[in-house]
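Next come two complexes built around subunit A: one with subunit B, the other with subunit C.
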Partner chain A sequence: MPSSIRDKVHRHLDICRQIQPALHQETHAPSPDMIDNAHFRAYTRSPHDIGGEPDIPITWEEKEEEVWEHNTFVTCEVLAWRGVWNAEERRRRQNVEVGETMYLGLPYYGRWLLTAAKILVDKQFITLTELQEKMDEVRKRYE
Partner chain B sequence: MSKPHYDRNHHVEKATDIGDPQCFKGEAGKPRFKVGDRVRVRNLPDIFYTRTQGYVRGAEAVVAELVYESPPAEDESWDNTENVEWFYSLVFKMADLWPDYPDYFPNDTVETEIPEHYLEAA
Partner chain C sequence: MSDDKHDLHSPAPMVDEVSEFEVLELAVRELAIEKGLFTKEDHNRWTEYMHTLGPAPAARLVAKAWLDPEFKKLAVNDGVKASLDVGIDWINSMPTNFGTPSDYCNLRVLEDTPKLKHVVVCTLCSCYPRPILGQSPEWYRTPNYRRRIVRWPRQVLAEFGLQLPEDIEVRVEDSNQKSRFIVLPVRPEGTEGWSEDQLAEIVTRDCLIGVAVPKPSVTANRKRPVRRAVNPYHH
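Up next is the complex of A and B:
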């Protein structure tokens, strides 16, 4: 039995690599018979679990954190101190709830900041209308 | 319209000045495994959230250390902190994880932490 699990694990990693989001790929609205159990598991896994998926090397660069990144970190910590979330809920939302496209496509602290706004809406501390009006107000300061 | 009530402060009150996972110390009970035991990782569904890597499922490992007690990530990430369990640091042989791992590095290992409910005796 374990060896058949291991076979499934490696087939799983192959599928996950193939479904990394790419532009201009026609994968919308598949019919049910196009999704077998292995593909269902690949689509519904936690997309931060990328270990073992083949990929090309990326360049490592030394980069100091920017002011907005520090501010984002502090905001998320304060949300924890005020009981809005714990660290594990924050990680789930930043790394998994954002979905695979945003997990791979947004900068690290971009996901933190997006998630800080999202939980305040999800748990009804603010309304989405309030958030959108505030974003519009702030954006106008720079126009 | 009714709004859900979130028990906002229970975790921060429990963890302040102690830390997480230190604040769960003593809540997991007797550990099922000890250092040196051989275990196998269960292939549980990974729907919605997990921190147990896909690449270790079904593989065998040796317990290197009992590291801390905590609710598993799958529970704590929805603020369910009642079911605390032991976390084990496990050592896997790389050759057991990757079919094409080169023969000339037979002693390479990877060590990672897995909660108890994912483990069965090997």
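Up next is the complex of A and C:
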């Protein structure tokens, strides 16, 4: 990467870091003159675009899979197999539209699962009420 | 939310209530079946397909390439065609017969040399060559790996136990929705005269991602802590 582009990328990453939960600065719908182009790009970056962001070393772990995680993966693939959604749509919903808080706060397959539920509602295969009633019914099985 | 102080070797905590993830998963799956979006059999067939996946075919591809220069050429030029020789059909694979909906059909095989080391990441999500390598490890999916490997690759590789001399170039390949990658590492010394089976055994998943290199005495990934599941899925 040429150094001029590298500098731009680093500057972008710096700004992105500064605007995250920005309790230390005013973030109450500022007037347009307060947002320069660099900040515009930082605010409109999608939450999954994290390559190159600074972070500290962590312990690398393997992980056992939960039953619901396996089933979520399979459900999402089978929904695609049967034409309910395609890969582009899944990625946009799972990675971008969940927002930063959920993106970083939920388990990997947690996002997949919420997105699978949302697609069924958004495309009107089920209503939100049906989903809530089904969830209540499932909870009762475990009581 | 994970607790950093949680002892990684301790068993998963006993939980006496069903999690909201489990409730939602069952609800979504059952509603999709009730509405006729897919059948229970579709779901079962996909699970059976998942059980057939793992790193073995990719390891076999590398072993073949080490033994046969012509096959190596094919692997580097056309990974999808070379995959057929290890039993993986990216284009017509089961159970859909049109490949998997999220892996597409563009496998690239990245050839290491004594002066060049490849390592694979997907910075935007966690794209991974599932049909030939199985499910990705948890660390590969972490924001931490995806953030740092593209900017501090030598340091991250060292954390995985791979210390590279300064004169070896490191090339980080960023996967995307359409392209998937495996690494074809350099055949290690001390494997002269080995059979394909013997060679395939030392090509671990981590070698194929690029965070390790094959060694004649090593047939498993480096030992790491395992985070236990509350309700583990048994593969």
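Rule of thumb we're sticking to: the second predicted complex is superposed on the first by the 115 of 143 C-alpha atoms of A that agree within 3 Å, B and C clash if a C-alpha of one lies under 4 Å from a C-alpha of the other, contacts with A are read in each partner's own complex, and residues count from 1 in each chain.
Definition applied: a contact is a pair of C-beta atoms (placed from the backbone, for glycine too) under 8 Å apart; a residue touches a chain by one contact, two chains touch by 3 or more.
None of the values given here were measured: they were computed from a predicted structure.
By the touch criterion stated above, A:92 is placed in contact with subunit B alone, subunit C being left untouched. Look at A:52: by the touch rule set out above, it reaches both subunit B and subunit C. Judged by the touch definition given at the top, the superposed model places A:82 against both subunit B and subunit C. When the shared chain is aligned, subunit B comes close enough to touch A:8, but subunit C does not.
Taking subunit B and subunit C in turn and counting the residues of subunit A each one touches, the greater count comes from C. Judged by the touch definition given at the top, the superposed model places A:124 against subunit B, while subunit C stays out of reach.
In the superposition on the C-alpha atoms of chain A, the part of subunit A touched by subunit B in one complex and by subunit C in the other spans residues 49, 51-52, 80-82, 84, 86-88, 91. Every residue of subunit A that touches subunit C in the complex is listed here, in rising order: 48-55, 57-82, 84, 86-88, 90-91, 94-95, 104-105, 107-110, 113-114, 116-117, 120, 125-126, 130-131, 134-135, 137-139, 142.
In the complex of the two chains, the subunit A residues touching subunit B come out as 2-6, 8-10, 12-13, 16, 41, 44-46, 49, 51-52, 80-89, 91-92, 96, 123-124. Across the interface of their complex, subunit A is touched by residues 3-4, 6, 8-12, 20, 40, 43, 45-51, 53-55, 57-60, 73, 76-79, 97-99 of subunit B. Subunit C meets subunit A in the complex at residues 1, 8, 12, 17-19, 21-32, 35, 37-38, 42-43, 46-47, 50, 95-96, 100-102, 104, 121, 123-126, 135, 137-139, 141-148, 150-151, 155, 159-160, 174, 177, 221, 224-233, 235.
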